[in-house]
Each structure stands twice: as structure tokens, then as C-alpha cells.
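Let me begin by handing over the structure; questions about it come next.
Order of writing sets the chain letters: A, B, C and D. Residues in each chain are counted from 1.
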Amino acid sequence: MQAHMRKIKKVLIANRGEIAVRIMRSCKEMRISTVAIFSEADRTAKHVWYADEAYCVGEAASKDSYLNIERIIDVAKKHNVDAVHPGYGFLSENSHFVQRCNEEGIIFIGPSAETMDMMGDKISARKHMIKADVPVVPGTEKGLNSVEEAIEVCNQIGYPVMLKASMGGGGKGIRLIQNETEVKDAYLNAKSESLSSFGDDTVYIEKFVEEPHHIEFQILGDNHGNVIHLCERECSIQRRNQKILEESPSPFITDELRKQMGEKAVMAAKAVNYSGAGTIEFLVDKHRNFYFLEMNTRLQVEHPITEEVLGIDLVKEQIKIADGMPLSHRQEDIVQRGHAIELRICAEDADMNFMPAPGLIKKNLEPTGIGVRIDSYAYEGYEIPIYYDPMISKLIVWATNRTYAIDRLHRVLEEYKITGVKTNINYLKRIIEVPDFVNGKYDTGFIGKHGEELQNKGSQTETEKENIAIIASYMDYIINLEENSSNDNNDNRPTNRWRNFGLHKGVLRI
Amino acid sequence: MQAHMRKIKKVLIANRGEIAVRIMRSCKEMRISTVAIFSEADRTAKHVWYADEAYCVGEAASKDSYLNIERIIDVAKKHNVDAVHPGYGFLSENSHFVQRCNEEGIIFIGPSAETMDMMGDKISARKHMIKADVPVVPGTEKGLNSVEEAIEVCNQIGYPVMLKASMGGGGKGIRLIQNETEVKDAYLNAKSESLSSFGDDTVYIEKFVEEPHHIEFQILGDNHGNVIHLCERECSIQRRNQKILEESPSPFITDELRKQMGEKAVMAAKAVNYSGAGTIEFLVDKHRNFYFLEMNTRLQVEHPITEEVLGIDLVKEQIKIADGMPLSHRQEDIVQRGHAIELRICAEDADMNFMPAPGLIKKNLEPTGIGVRIDSYAYEGYEIPIYYDPMISKLIVWATNRTYAIDRLHRVLEEYKITGVKTNINYLKRIIEVPDFVNGKYDTGFIGKHGEELQNKGSQTETEKENIAIIASYMDYIINLEENSSNDNNDNRPTNRWRNFGLHKGVLRI
Amino acid sequence: MEVQIGNRVAEVELISKEGNFVCLSIDGEQYEIDITMLEDGVYSILNNGKSYNAELTRSDDNKEYKVNAAFSSYDVKIIDEKAKYLRMRKDTDDRQDNKIISPMPGKIVSIPVKVGDTLSKGDTAIVIEAMKMQNSFKVASDCTIREILVAEGDAVNANQVLIHLELN
Amino acid sequence: MEVQIGNRVAEVELISKEGNFVCLSIDGEQYEIDITMLEDGVYSILNNGKSYNAELTRSDDNKEYKVNAAFSSYDVKIIDEKAKYLRMRKDTDDRQDNKIISPMPGKIVSIPVKVGDTLSKGDTAIVIEAMKMQNSFKVASDCTIREILVAEGDAVNANQVLIHLELN
């Protein structure tokens, strides 16, 4: 289709889980060969057997494998890899890794190390945004050096304030401070959490935005100075600063606001010469004032909802940009169609404070049909390891409008059946039943406000459903008794046992 | 969303297989309760356990169950069904069934019995189309009464000609006649086939259109006189008049032709007061002349490609129309976006003349991720019965353009893994590799022309792949030997056996 | 036969069975159902035409089940004579709450106690990490550490006993 | 050990095995692979980093496999001593081609022959219907009908012997 000579013919995916599989899918569609890396705990993970090639890079702990820059670079060089895609998490925002790729002549699919450094440190990012005339939340432009300084700055800005790790992300190293007495603990805890999570203990302070919406804009920039935005994602449904459900378009923002925020997002990206796919996160208060929050210089977990609404494959765009091609879309071509919602399916026990629940997946029946997309790395027989993230799949629905999309979510959650490990599916089902969600009236306080409703409570009409569970268990027990008492089984499949059992005529006495 | 008071709250789906499940999905999304019917051979079929209620209507043979009008009407009345959705095939084009529904006060989701009769009989349909100024293929407007008459008419029109059953469909009762000597056999065979398949032996003759494209237009009409078209589907890839692969838009037609044909399709539907979703099939010759072929007064197997390109749920539209609502779309809102392709996955042995291959599905790993939709009724452990159609699922991809859609097909066919029964997946893979298909240069002669290429031929580079198959089998054999020689298995799962085996250290001697 | 579901114990009796058509009573209520196994551990039940599905996973002895049905999860136990006896014993045991059990597979991050330590209700006895999250396990009442069965850095399984307590 | 794939018979030898790392030779070519079972009957094989998958279904005696790998399907047989003997016998049997076997489950639609009939090559001996399609089975050489084991209307399984022939 294009005269462009591709440089990228073989890509190493420096990641695991659903995102590694998702990236490989687009590579395969582009006839680019794929190289997986894996830890010793991940030999049976889907990204390994889905790839064209796969190499072990170390032990189970991430620091020994998926964060082991030199081992990954070794594999890339040895197997003549043209480019590396970092996915999200792990090394995706590590500028040293970008530099190492550059030094070895390997294309890093993402922005330059300089851009990453400018935006990766939140204090530096604030400075650049202020210079570029992008609104930021009132706060300090520098790191805090002592408890005393922290107290002073907090008092100046006025409570409530947010204390944040400069290198933070994913909800780590963040504390909400309501009054002066809380400053000291918050400061010390955030510093130590930040040090252990990000290797840096710089923290700073921002005004706390009340009833805020977490709304982010997807942007794409190429190596020829073009930047466009791909509209917004509403990410306000969060638990402990971790996103649970995202949707696009946002039910909160107006066309006018979308235009304004989109323009600022493009300005923000241009200010740092952004190349690749990135996300500008904004806080939007109840009066629809918006503030730059941070930039994620990588693909986001929730990128599929943008893909569904715009009909664009973001991974393909990332690869084309990294290959030196100009953007294939102009801003005026970007038109939202319909509505998309993503749910994150996690192996966790929602009734036990969301404790992770790794284990062996026995059944994995995924919803299919019109308007459903599953980005998953789960399969039947797969044992989810204890070392990594509990997210096993993302469930994305698309429909012509928001009401239909929610209707569709009900249908697909009913179809989604996972046994062997506990998941948050029932919890997600309760979220989409909350009237504030159905009406699109929610902000980041949603989970806090509806915590009570979202608890699993047995209802009065439970007995009927319990009896169904009793019948299934009881019959299964009986079949197994039957089987043990006879030994004419030439075929041991349980369904066959069932069929033989089904053939018994007349009354059976137990 | 609308003030309209819904009459339809409970729908009986008078069908089975993927289409029954697909219809139930849209019903569930509309919070409409679903009633399945099933034959004695279908107790474990997905549509039974996917429905809210399910009732057996008779023995395995279709005539005793899925075609048993009175049994179905009984179930509908007894369980207070508001409407019946017939799907495709079975009773979907049976006007007597429509009448029986009407008599019992049950809404039939589809056109009126009168419309169905006008368009169901191909000779009558031709007459109506000629009156409505829709171009038809030159031919007789009446049934033939004798071999002699058939020979006379064929000679008049000029060879080649097509001999067709008036009530025909699905490729049955159709014969191509190249010269006078073939007329007698064709006439007698088509008559007897038509009688046994459709209960009517009327046959007629049409000019054979050379190098024809089979292109159909989806239309929607409501009970208020509105009719729109939803653009075209290219269905020229057929084997024995059975569609194998469909795509939208057609790579053959131009914007101008689309507009012309769309207008004629709307005229055709208006001429018979069409209500509901229907399809106008056209033959388009190599000079882009088009002729009305027939109308299907029901949902088509290939409807999903229209849904993907237009973002419209056709089943929801059918139900809303049947409920008396006006169309929710205007012609000017209908804009094609991107490109969709559907493949029909069948349980058949492509290397043995496409012999049906019913049986037990052991693995059923369906492709997922961006741009894929599976409409299926298969699941692991399901035994495909011998009584019905061999199609087990439809694989639909969508992408921004035709090239990307084909690229995506390669990726998803690689992901689709079914074991236990033979399928045509490898055959479909070969179809999408044929250069004429890749270039969009094909007509209904495609399968005939490329029959040779599409045969499964072992290639020179087979040995490597064979060796992989040997290794897998050999290792599996050894593990099972190991297992039989030890009896300390407290867990009989094969994967556990494998893991225990994996723990053996050192050299193992067989 | 008794079947336990959550805290409820139901009396279940099989009345008759003809192929897939089963008649049984649960706490006196009679059910006439059409039941079939779709695949291993997955049942389809038609109760007067109403369609229900249940997916279950079995314990090793086929007497305990985890059952999913219509957005609810249940723990179901078949109570035969042996189970009845064990249940009575366990009731007594459970009241003592004299051990800390790992509810999930994971890695021991830290054990801030040693044998002989006296803990107050709410004190942390052990910290386990799984899937990038740390979970602290606190004692539910005042107690003394009797025995510690694991060490920091150990990998542990679900339901593994970690610490024995002496309740005060 | 010999393994048959299609018409090819390969000599396979296991050289060593250390956990999942297996070294073996096939017709003299050496493979050092990392192999694991993902789920029952599904294997992932890394051959010098190249990733291959194979899904197989086993026969009842675990000696015959249907294997899917990269858009190809294979019939694989493990040939132990017993199988070797049977294979030799079968070779002789097969040449006679003295029976008609149903290749799929279905229903007998018609049997246009009776015992004692003499058929010419290409004559139809039986018609089976499955999934709305009728398939006629023709004899491959001139023969006489020796025995008919099924009747019109019967349901038959895959690989069921339907008719015995006497070859002329």
C-alpha cells in the first residue's frame, strides 16, 4: 500500500500477559515476526506459545527477568531483532532501557529517552506544561526536603492536598492529606513506598481537586512534527487509585470541552516533541475546569476503548511511527462512533478485600458475538503465577450508544465463566447496576460512595439459586459414586460417565 | 430512551445453532426474555442452555421438531410468548407459519405472509420486480410444464441458461444448462429435487449471466412505509451455490453503482410493502449490469458483516420494527466504515469432498482480540449432531481497510483451534492466500477456477512441521507409558502427569 | 442426605430418576428437573422449562464443591457420616482459631514475631506477598505464638498452616 | 522406535531428558527442544527458540494421534512390536478392500443392493445421510455383496463396518 521500505521486520515484546499477546497480534497482522521473552515462571504463559520465537531471560521475580535490561538486550541482539515494544508497566517508561536500545541500534517503539525523562518525573512534567500553557493543578514545582517543609507547603495551599511521588504511577506513592496532623505520616510513608517501588523518594504536593473526574486524552505523534489527539477516555471508576472500568466517550464532558482539552493535549505533546502513542491525563473538577495531571509515555491498559470508538489499531500506529512513517490520520478524520466500555477482569477475591487469587484456571468460557472484544492471556489449564499482576483479561464492549453498551455488558458478563480461580466478575456486575453509573453521574469518588452497595449480600430470593447449586453438586456426587461402584468404563471422560448414567432407566435407590 | 411502550417482552426463537444464540444475545441486551425450542437430539445444544426457558418440541428430524408448526405454536401460547423470531432456514420463509402466529395473536418478527408469498415464489417475485422497474435477468415469467416446453424456451433464450426451482434456495433445485442435450436431465432432476426439498416442483428458466458477481443489498423497512438500504455484501465466493466467504464493501462495485443498486433495492422492497430486515440479491455481470435475482425475506447468515461496517445491530432493529417502532436510521446516516469479512466454519472434511464431519468437539479455542467477532454455538465437550447443518460458527473480522482485514484473517485463523472434529479452517486459509482473492478480482467462478490451488498439497518444507507433530505424539505416548507404570497419582489430570514427568531429573531410558 | 451450602444445611432426597429426568426434594420442596452434563463439571438444569446453568469444581474426595450459578458462588459440601463426624470435630476446632492459614499461594515477606511472643488482638503475625500486593495477617484475639512453620522468603500454598497460636 | 506419519515412517530415538528439556533424534536429525504440555493434548515446543504448538487427540489405546500443527493435520501412529505386526497384517487386509466402512456418523438412507448381488466398479452400494447431505458409497472394483450388517433407517457410527464384499 505504501512505497515506504519497512525497517521493522522483527519485534521483541519486552512484556508478558495480555498486553504481550495483544501487541503480537498486531505484529502478526503486519507480517512482522515476534520474539517473546519469559521468566522461568512463565514457560506456559500464552505470550510464549503465541510468539514466533521465545527466550527465557531469568528467574520468576520481575527484577531478574522482565526488568533485566541487559538480558533482554542480549536476546534482541542475538536474534537480530529490529525493534522492541515495551507494552505497559515493566520497562515501558524506563529511559535507560531506551538509551540501551539506541546504543545497540535497536528501535525502541515509543518516545525518545529525553521526552520520557521530561514527562516521567512529575515535577519536571509540571514545569514543561506550565511553560506550554497547559493548565496544571496548583502545587509545588519542586521536591520536598523535610517534614517541616511539607507541613508549611500544605498549610500554604490549603487542605485537602495530595502528596505524590515524583516517579509514581499506578496509584503507588500517593496520599490524600485532610489536615495538618496527617502530613507527617503521609510524607514518610509515601517517601518509603516511592523508594521501594520506583527507586526514588522525591515527593511533592498538589491541591486536591474535589469531586474530580479522571479523564485522559490519547495522542499520537510522529517523527515529522505531527501530533493529533484521539479523544478522551473516562477513567474515574477507581479503587485505591487503580482503574476498574473505563469508557469512551466520557458521559461527563461536552463537545466544546472535548475540543479544548484535545487542543491542550496536543500542545502538551508538542511541547516535549512527542513521538509515538501517549496519554495526557487530566483531572476535571465538577465545574469542568481541567488540569494536567501527568503524561503516560506508553500504551495504556485501557487503549482498546479508543480503538473501538475510532476504528484505529493503536499498536499498528505505534509501529508505523517508530518505522519513520508519517501519521496516517489527520485530526479532522478523527470521529467518534458509538460507545465503548472496558472492564478489567482480575484473579482476586472481591469478597476478601480484593486479595489476589492466583491458581489453576479450570474453565475459561469467554463471551463472544456482536460488539465484544476480549484481550486476554488466560486459557483452560493455565496456572496463573503468583509473581505478577492479577489482571487476566480485559472485557471490552462496543455499541451504538452508552445505554446499549451497558445492556451489552450485562449480557457478556453473564456469558463469561471462569472456574478454578476467584475473579471480580460478580463485583463488576454489581458496579454496572449502580444507578449513578447507569446515569453516567459519577466521579473518582464512585467506589468510596457506593462501597456498601457493592458488597456481596445474599438476597431474599437466594434459596432458588442455592437449590440449583445443591442439585448440581448432589447429582455430580451421585455420578461419581456410581462410577466407583462399576468398573466397566472403557472411556473415562466425565461426560461419558454422565451419558451412561443418563441411560439408567427406572428408579435409582441411593 | 423512547416513550414507545414495548409489546415484545418475551420472544420464542424458532431455530437452533449459532443463529438462535445470536438472536438471544440481542434479546438479552434488550432485557427481553428468551424461549428456546429444541429437538430430542439437541438437549445439550448451546441455544438450550443459553435461553431463559427451553422446551422440547419433538424428535431429532427437523420435520418433527424445528419444522413442526403446531408444536411450536403450542409452546408459544402455553408460555405467553409475545413474539417469534424464525432466524434463517427452517420456518423463516414459511408464510403458513406467519399466518398461524397471526391467528394466535403472536407477533412474527419478519414481513407479512402476503409479502413472503409475493417474494418467496421466484416467478411471482420476477413479475413484481418487472412492474416496479427493477431489472431482472431475461427469462420466463412462468413455470414450465414439460420437457418439450423447457427445450423450446432454452433454445429461445440462448445457452447457457439457468434452470431454477421456483421455491428454491440455498443452492438446491438449480441447474446450469450448456446446450440442448442437457435440458431433459436438468429439468427432471431439478423438479424432483425441488419437490423433495420444498414440496413444490415448479421450475423456470433464466439467462445465465456470465462471470457474474453475487452481490446483495440489506434493506430495512418499518410498518410506517419507510424503507432504507444498508449497502451491499459481496457473496461471490461459493461452492455448489453455497456461500463460503462474504465481504463488505464489495471490492467490485463503485460508489455510483452502490447508489444505483441501493435505490433499486429500496424500490424492490417498497413494491411489496416490506417490513423488517430483508435482502435483495443481485447478479452483476462483468460490465457492471445488475439484475434482480431473488429476495430473502429474513435475516441472512452473512448479516454480521453489514453490522460491523455500519455499527448497527440488525436483530435489535428487527425486533423494534416488529414492535411497531419507526426506523431508527435515515438513509443519509448510513455510512460504511472500514471493511468486514465473514468465513463460515463448518464441521466437514475439505480433503474428502467436503463430507460432513459431525462428532465431539474436544478443544475449541476461538480467536479473540481486536477486530474479531465469533458467532458460534460450539463449546468444548459438545457433540455435533448428525441431523442438522454442518456450520458450527462464523468468523467475522473488521479492519480499517480490505488489506488490513485480510491480514487480520491470517492472524485469527492461526488462533482458531478446533480438535475432535474435522473443519474447513485449513481450506479457508488457502482461499485467502489466492492472489485473485487478495487483489479483489473474483466472481462466482472463483472456486471452480482455483479448485486445483485449493487442494491440500504437502509442500517441500513439510518435514520440519511433520517432525513437530512426531515429537508431540511421541512425548505424549511416553508420558502415558510412565503413568501406567506408576500408581502414585492422587490427581489424574493430564497436565499434572506432565508436570510430575517434567520433574524427573537426569537421563530417562525408554 | 444432608448437603451444606454456606451456613445452611439442606436435607436432600432423591425420589426418582428416569434418564435425565430427576425428581428430588430439598428441605421438603419437590423438584422435577431435566438435568444434563454439558462438559466436565458444567450442568444444564431445566426446572419446568426455566433454564439454569451451574459450573462446579470438585475437591479431591468429590465431596466439596465450589459452584458458580447466575452471578453467585457457593461452597457446597456433601455430608455423609464421616463428614458429619469431622464437621462436629471441626466446629470445636474452629472455635479455638488456633492457627494462621495462608488463604492463597504466595511468598512470605516477613514474620515480625517469634515463638513465645505474646500478641494483642489486631497485631500482625505474618506478611504474605502475591501478585505484587502485600497482605498482613493479624491475630483475631490475644494470643501467644506456639510454633512457626515457615520462614521469610518461603513460597507457600493456599490453605497451608503457617503459625500455631496459643489462645490466651 | 518407529513413528508413522501419513505414509512416512520415521525412526525416533530419545537421547536424553532433563525436566522439560528433551533431546531426541528423528531419522538421524538431532533435536534439542524445550517441550511443555499447556493443557491436555496441547503441547508447546521451543526448538532453538522457534515456537511451535501442536494439538493432538488420542485414540483409546494412546497409540494413534490426530495432530494439528500450523494449518496442517496429521495422522500419527506409534509403532511398537504389536502395532508392527498388526500393520503388516493390515497391509494385506487393506489390499482386499473387502468391506464398506462408514467414514462418519449418520443415517442409512438406502441400500440399493442385496446379498449375492454382483457389482461393477463404481456402482453405489449404500447411501448415508449426515447434516442434510447425502453421500453415496461406491465400490472400488467389481465384487459381490457377501453380507449387509445394517438396514435402511439405521443410525451408524464413524468407522462402523456396513457391508462385507467378496472381491471378484
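One rule holds for everything that comes next: a contact is a pair of C-beta atoms (placed from the backbone, for glycine too) under 8 Å apart; a residue touches a chain by one contact, two chains touch by 3 or more.
Nothing here was measured: the structure is a model prediction, and the numbers come from that model.
Trainee: For everything except chain A, show me which chains still form connected clusters by touching.
Mentor: Apart from chain A, the chains cluster as one piece.
Trainee: With respect to inter-chain C-beta contacts, which pair, A-C or B-C, contains the greater number?
Mentor: Between the chain pairs A-C and B-C, A-C carries more contacts.
Trainee: Need the CA-centroid distance for the pair chain A / chain C, whole Å please.
Mentor: Centre separation, chain A to chain C: 31 Å.
Trainee: Cα centroid separation between chain C and chain D, in whole Å?
Mentor: 46
Trainee: Which positions in chain C are in touch with at least two other chains?
Mentor: 20, 36, 38-40, 42
Trainee: Of all residues in chain B, which are in touch with two or more distinct other chains?
Mentor: In chain B, residues 379-381, 414, 495 touch at least two other chains, as defined above.
Trainee: Going by the touch definition at the top, which pairs of chains touch each other?
Mentor: All touching pairs, sorted by chain label, are A-B, A-C, A-D, B-C, B-D.
Trainee: In their shared complex, at which residues does chain B touch chain C?
Mentor: So the residues of chain B in touch with chain C come to 35-36, 43-44, 48-55, 79, 379-382, 490-491.
Trainee: Can you tell me which positions in chain D touch chain B when the two form their complex?
Mentor: Within the complex, chain D touches chain B at residues 1, 3, 5-6, 8, 10, 12, 14, 16-20, 22, 24, 26, 29, 31, 33, 35-43, 45, 47, 52, 54-58, 62-63, 65-74, 76, 78, 103-107, 130-133, 135, 155, 158.
Trainee: Given the complex with chain B, which residues does chain A contribute to the contact?
Mentor: 1, 21-22, 25-26, 28-31, 304, 307, 311-313, 316, 337-338, 365-366, 368-376, 379-381, 399-400, 403-404, 407-408, 410-411, 414, 495
Trainee: Considering only the defined contacts, which chain B positions touch chain D in the complex?
Mentor: 347-349, 352, 355-359, 362-363, 386-390, 413-414, 417, 419-420, 422, 425-426, 429, 458, 462, 465-480, 493-495, 498, 502-508, 510
Trainee: Looking at the complex, which residues from chain D come into contact with chain A?
Mentor: The contact residues of chain D facing chain A are 20, 34, 36, 38-40, 42, 44, 46, 49-51, 53, 60.
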